[in-house]
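The next block holds one structure in the form of structure tokens; read it before the comments.
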Amino acid sequence: MKYVDEFRDGDKARLLAARIAAEASPLRLYHLMEFCGGHTHAIFRYGIVDLLPDNVRLIHGPGCPVCVMPVARLDLALDLARRPGVMLCTYGDMLRVPGSGRLTLLKVRAEGADVRMLYSPADALKLAQAHPDKEVVFFAIGFETTTPPTALVIEQARRLGLKNFSVLCNHVLTPAAMHAILTTPESESGELQLDGFIGPAHVSTVIGSAPYEPFPERYGKPVVIAGFEPLDVLQAILMLVRQLNDGRAMVENEFTRAVTREGNTKAKGLTEKVFEPRESFEWRGLGSVPYSALRIREAYGEFDAERRFALHVKPVQENRACECPAILRGVKNPRDCRLFGTSCTPDNPLGSCMVSSEGACAAYYRYGRYREAGAAARQVYA
Amino acid sequence: MKYVDEFRDGDKARLLAARIAAEASPLRLYHLMEFCGGHTHAIFRYGIVDLLPDNVRLIHGPGCPVCVMPVARLDLALDLARRPGVMLCTYGDMLRVPGSGRLTLLKVRAEGADVRMLYSPADALKLAQAHPDKEVVFFAIGFETTTPPTALVIEQARRLGLKNFSVLCNHVLTPAAMHAILTTPESESGELQLDGFIGPAHVSTVIGSAPYEPFPERYGKPVVIAGFEPLDVLQAILMLVRQLNDGRAMVENEFTRAVTREGNTKAKGLTEKVFEPRESFEWRGLGSVPYSALRIREAYGEFDAERRFALHVKPVQENRACECPAILRGVKNPRDCRLFGTSCTPDNPLGSCMVSSEGACAAYYRYGRYREAGAAARQVYA
Amino acid sequence: MCLAIPVRIEELVDEETAVAHIGGLRKTINIALVDGLQVGDYVILHVGFALEKLDEQEAQRTLALFTELGQLEQVQQAALEDAS
Amino acid sequence: MCLAIPVRIEELVDEETAVAHIGGLRKTINIALVDGLQVGDYVILHVGFALEKLDEQEAQRTLALFTELGQLEQVQQAALEDAS
Amino acid sequence: MNRLDLRNGKVEMVHGSGGRAMGQLIRELFAAAFRNEWLDQGNDQAQFSLPPGRVVMATDSHVIAPLFFPGGDIGSLSVHGTINDVAMAGARPCYLAAGFILEEGFPLADLQRIVESMAAASRAAGVPIVTGDTKVVERGKGDGVFITTTGVGVMPPGVELSGDRARPGDRILLSGNIGDHGVTILSLRESLGFETEIGSDSQALHTLVAAMVEAVPEIRCLRDPTRGGLANTLNELAQQSGVGMQLLEREIPVREPVRAACEFLGLDPLYVANEGKLIAICPVEQAERLLATMRAHPQGRDAAIIGTVVEDVQCFVQMETLFGGNRMVDWLNGEQLPRIC
Amino acid sequence: MNRLDLRNGKVEMVHGSGGRAMGQLIRELFAAAFRNEWLDQGNDQAQFSLPPGRVVMATDSHVIAPLFFPGGDIGSLSVHGTINDVAMAGARPCYLAAGFILEEGFPLADLQRIVESMAAASRAAGVPIVTGDTKVVERGKGDGVFITTTGVGVMPPGVELSGDRARPGDRILLSGNIGDHGVTILSLRESLGFETEIGSDSQALHTLVAAMVEAVPEIRCLRDPTRGGLANTLNELAQQSGVGMQLLEREIPVREPVRAACEFLGLDPLYVANEGKLIAICPVEQAERLLATMRAHPQGRDAAIIGTVVEDVQCFVQMETLFGGNRMVDWLNGEQLPRIC
């Protein structure tokens, strides 16, 4: 696969790793947050941590749209799915996330609710057309990457005059979350050690690199936008090490092959047309974050499931033992959770970070569990 | 089973048979029509013909509501069943009757239509209540026996204010059919040899014996109302033989245990309230017979599927080779049909008389086929 | 035509409903078409509805007819045998 | 976040639709979010939608960086070995 | 890993997807109930030795509704049904395999009840379930649970049974009263609205068969009159052997409630399904001995000689009625539907 | 009686009711296609002799959608799948039984196509379908057709395979590239909207197995990585044997289109189903001989040694990645669902 395989070359990875080891100063620590779950996934899948010197530490950020969805909003979807006549459709990732009482969309489907898995939001439209007797609701999640397709679909629904289609919108905004990370009490108290960001690749494809410029400017934190292939990640780490060594703080772009300063103006325009910012939105881990999410504009109100079904978020108590919130704020690690790997596993996840394959807990469990327990095993391998 | 088993006693049957043989004059033939399919069924199931002298001959009449239903009316039901949103329910007997193109309700169900089998018309109401999103249509058939339950159900639907329930009414009237039998060209030409009627048991339970009084009076044909157990049938034959021997022609009642001269006035009143006579109705075999069937009164028009769905009977060509019409007029016998037992079998019926277990063709096939082919077999039995 | 069978009323449930027995079965039936039923009565049951009460005296009378006929036959048979 | 992959446009079907190739697969994709695409272009595909054109020159430049780095390492390695 | 929630849990798609959840379902439910050395091994197949002799194999898919009924459930039925098909060869059933097709959303509590009933039936019969398979289909693409069982058994030496071996003069024996299973199932259809004390006759007949073939190795054939009832099964045998049959209605045991139910539904008990009865055909000389053997076994107490095989190129089955007439007992036409006329 | 309308006819309830219509379906469709002495006998079971040796039995229910796919259909799959489960014991598959659950309204033409494909697969494999069963469920209570097949076979002397026999130091071999079947099925889901030239790898592996156990009777175990793919099957074996495994990603053959499909759907080829591949574990001393034997067989041309059994009380399966790191290859979590993040 062109533009994929070249960026997974193990030999080049070792060269990059050697370069990082050579350039990272043994006199200091480098705390780098990969904002994105996509990076988290790549880091574990390819074993990147093994290639880094001990003093270059990666912190997992809140960049997984499944992980940051609060239980209260998932409950809205569960509630809708159970109403007679409703067909709720969403991406496969969301089906296994536990809401209140450990209920999931898969479970309500097993009980008889009409829940469909989508690969593309365009399929939600097709379902609405094929089932005129059903209220088809698309439970939309995602960062800025996933938002333009949703916007396009709402626009098309209007053009088609669909009367039985709506969207439960949970699109969230990356820069707002990055600001929130840097203004938590832990951040202000210094408990959060964070020297720079590995910035998202595909989000930036849409929004461009400009929105990250406040982070070096206001907080002095360098940002390097990086692709999701392992060489991209290593290269970005090298670029961050160099900025930190040089005492620089700026936005750099490793993913020049698809990210410009402006991003995709057409996609941004469409998003702007259909959506507007919410004054505030609840994030798991970060709490209420101002202007951190989108809602459907009044002009498209008929396609807004929250308006159409008069939905109101009911605050719920999240599982207290689940450390997802602290993990998403970058101050804890899955292994700090006493449920990790015992009560909470990918088969029976208690928190969202154990569901999405980009969740830190799932990544630790899937790819990392052997680190503690199975290390001995590697020795035996001849 | 009390009042059942006593009327099936083989020893008594042989005594009755001997009496008939003793009293039937060897100098004449006795052509007796059992109007009712119920009698036809009993005659074959118990082998009554074997017990009768050769000169006492039984002719099968048009008294099976499945058999007399013309293809054109069955097509109405098939058409309705295939409409989206319609649930068509009817008695099991009707599901296998072939309409145009050999289509049956079972076949359209296999193709996806929602067709349900009922044991009782009361269940049609329950279905309508359980499926408010469906148009539930009860495809009602039957003689005067089955009509009062249908009337009661329509009355109840009105009381319950059901908005999704209607009846495709095909209730027909016995005396009208008996008149028709006696006024066919074959009857007038003398081709139909008919000396008296074995009258229906359960129809008469409702309508009483009075409606048969015109037949002796106007046509000189005696009528004996008989139960459906084999001793009842034999007794009625004996009573007819006696009337004919005596030159009498009157209505006699063998089924006094459940039939009076008036019948069930409550049931008749309800029927009268909900239904009115049709000026004319098409019967298979008899053609258009005046005032021979019922339609739903205008006051209950909302429950009339013909009005509700603006149904109109489209004349169709019945299968020309099928001799059902002549059989139902009493002038032919199943074995006169060249399709009998070859192209037309109970598994693949071509005509309605091969479907209902009261149809003459089905009875001949089921119980009588051995008579031609298997007679030799009996000898072998030690 | 019109499959029907005598069943015995075991219990009157409400104005429209009764429980009937037949050969060891219990069956809920609709009795709205027949007035004045009592427990113990026999009715003719068709498509779940009682159509009419069965007159037990008449039933016995019909059965007696068959029995008489039997006796008559026996008498005649005996006469025939005597004669031969 | 946001699973996406570069695919090559093989055929422009209409204003909104193209057929893309990737590793021997053909896939119909929505191209409404990206203007001016040509057959042969690579795009980043996400949930069935092209998000942006891939700049092949930039891709080559990034890959070249890794290669240079390799050469640099070799030079340094050689230097180290010389020194030892 | 939390244990399976057998009280409130439901079958989910994941229980069929070959991962850990499926493993858990198999371990905590199936293997726990069926418990034997073969299942404990956890292989995709079972290995065993068979005693010497010809091997018999039979399979049946079970799709009954309702799943639970007086006298059994789909679980016990699926064990009995296949044991009987193996036994009808005259063989000793030795091992069973079971394939489950579960519908998404089916309550695990019901599944457990079914599986435990299978386990009990298998233990009672002494025929272990040694291998199996589980699939889950989406809601609306199944009907709770379907179970396909397959049995293998071994023929005792000297016994050779087949449906094509009936000869004119042979006697036809029936092991007991007919129609109980079918009428029990009909009584549970809410719309037919009747209640009865009777239950399904579902039972494994292999010990009865073992006694029969030991006493009368000359038996021509055995068959269990399941779907389609006595009438269809006899027609099948008549056709296979190229013979006719003459039955005596008075010898065919039918319980009163079965007769009554058939009477008001317009059915014929000869066509109603049984799940614990067998038909045997044997030479006339051995008929009385076979009857005595059957009657000496608890499952054959009500056994009767119900007719005779006759010569008939048309392969008709006929019956002398209680009333004294003679009638055809033809194949069932289509389904037996309750009728009004 | 008119012949079955195989062109326009549909499955009706009557085809499952045990009467003449069912007999006709069996005769004109199933028996006509499978044609063999056992089915011709028309009994409810089959009788046969088995060569001496331990007997192996396996069963699988098949519920795939769509029913037809490049490289096969539910019919051929149901033959291959069970033959393979028998063969994975090292046994020679001898006979098959097949139970059909048909949905009312299913086109007879499609059923015929499926049955003929089964017949062809069974003939090609030399494993006859000797007994069967047919049930029909109401529309909406099934999904076209489900097929449960059961196979019996016989172990060659001296071979003893079981999933619990893997030992540290053993080598893990794979017979060819993975993921073709699962990706083919996914490509037919309209909503995923992709096309590929590849087809299912569905095939019967018993001749490959026969060659392998003959050449290397010391093989510890064989298993076909079907549902759950290579990853789950290896985890099963690791668990059963109480060992760990260390794989080499570079040795695991995956075709480009399979990798590509997994890439854009967010799946991992290690978890994608196969229907014509096997995993073998054997002592290190025999590994090269076994590899050579496999490569000499057309079904093992692309065989590879993909890893080593290691000591590990946790029974972890790990893999050295192409990239040079090491990762866990855990059990599948739930179903593998296409994902966006």
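What to note about this one:
Letters are used for the chains, namely A, B, C, D, E and F, taken in the order the chains are written, and counting of residues starts over at 1 for each.
In this text, a residue touches a chain if its C-beta (ideal position, glycine included) is under 8 Å from a C-beta of that chain, and two chains touch if they have at least 3 such contacts.
Note that this is a predicted model, so its numbers are computed, not measured.
The chains in contact with chain A and with chain E alike are F. One finds 79 Å separating the Cα centroids of chain B and chain D.
Our note on geometry: chain C versus chain F, Cα centroid distance of 63 Å, whole angstroms. One inter-chain figure worth recording: chain B and chain F are separated by 56 Å, centre to centre, where each centre is the mean of the chain's CA atoms.
Computed from the mean C-alpha positions, the centre of chain A lies at a distance of 22 Å from the centre of chain D. The residues of chain D that reach two or more other chains are 1-3, 5, 22-23, 46-48, listed in rising order.
Shared contact sites, meaning residues of chain A that touch two or more other chains, fall at 1, 4, 9, 37-38, 64-65, 91, 106, 119-120, 142, 146, 345, 347, 358. Counting only residues that touch two or more partner chains, chain F has 13-14, 19-21, 193, 256, 259-260, 263, 266, 331, 333-334, 339-341. Contact between chains, as defined at the top, is found for A-D, A-E, A-F, B-C, B-E, B-F, C-E, D-F, E-F. Touching chain F in their complex are the following residues of chain E: 13-14, 16-23, 41-50, 54-63, 85-86, 88-89, 91, 95, 97-101, 130-135, 137-138, 140-143, 146, 148, 150, 152, 155, 162-164, 223-224, 226-229, 232, 236, 240, 273, 331-336. Residues of chain E touching chain A in their complex: 1-2, 10-14, 19-21, 24, 104-105, 139.
Residue ranges of chain B in contact with chain E, taken from their complex: 1, 4, 8-10, 13-14, 37-38, 44-48, 50-51, 64-66, 91-93, 95-96, 106, 117-120, 123, 126, 142, 146, 230, 345-347, 356-358, 362, 365-370, 373-374, 376-378, 380-382. By the touch rule above, chain A contacts chain D in their complex via residues 1-4, 6-7, 9, 11-12, 15-16, 18-19, 22, 36-38, 63-65, 91, 119-122, 142-143, 145-146, 148-149, 152, 200-203, 205-206, 228, 231-232, 235, 254, 256-259, 263-264, 266-267, 270, 358.
Chain contact summary for the complex, chain A toward chain E: residues 106-107, 109-112, 343, 345, 347-348.
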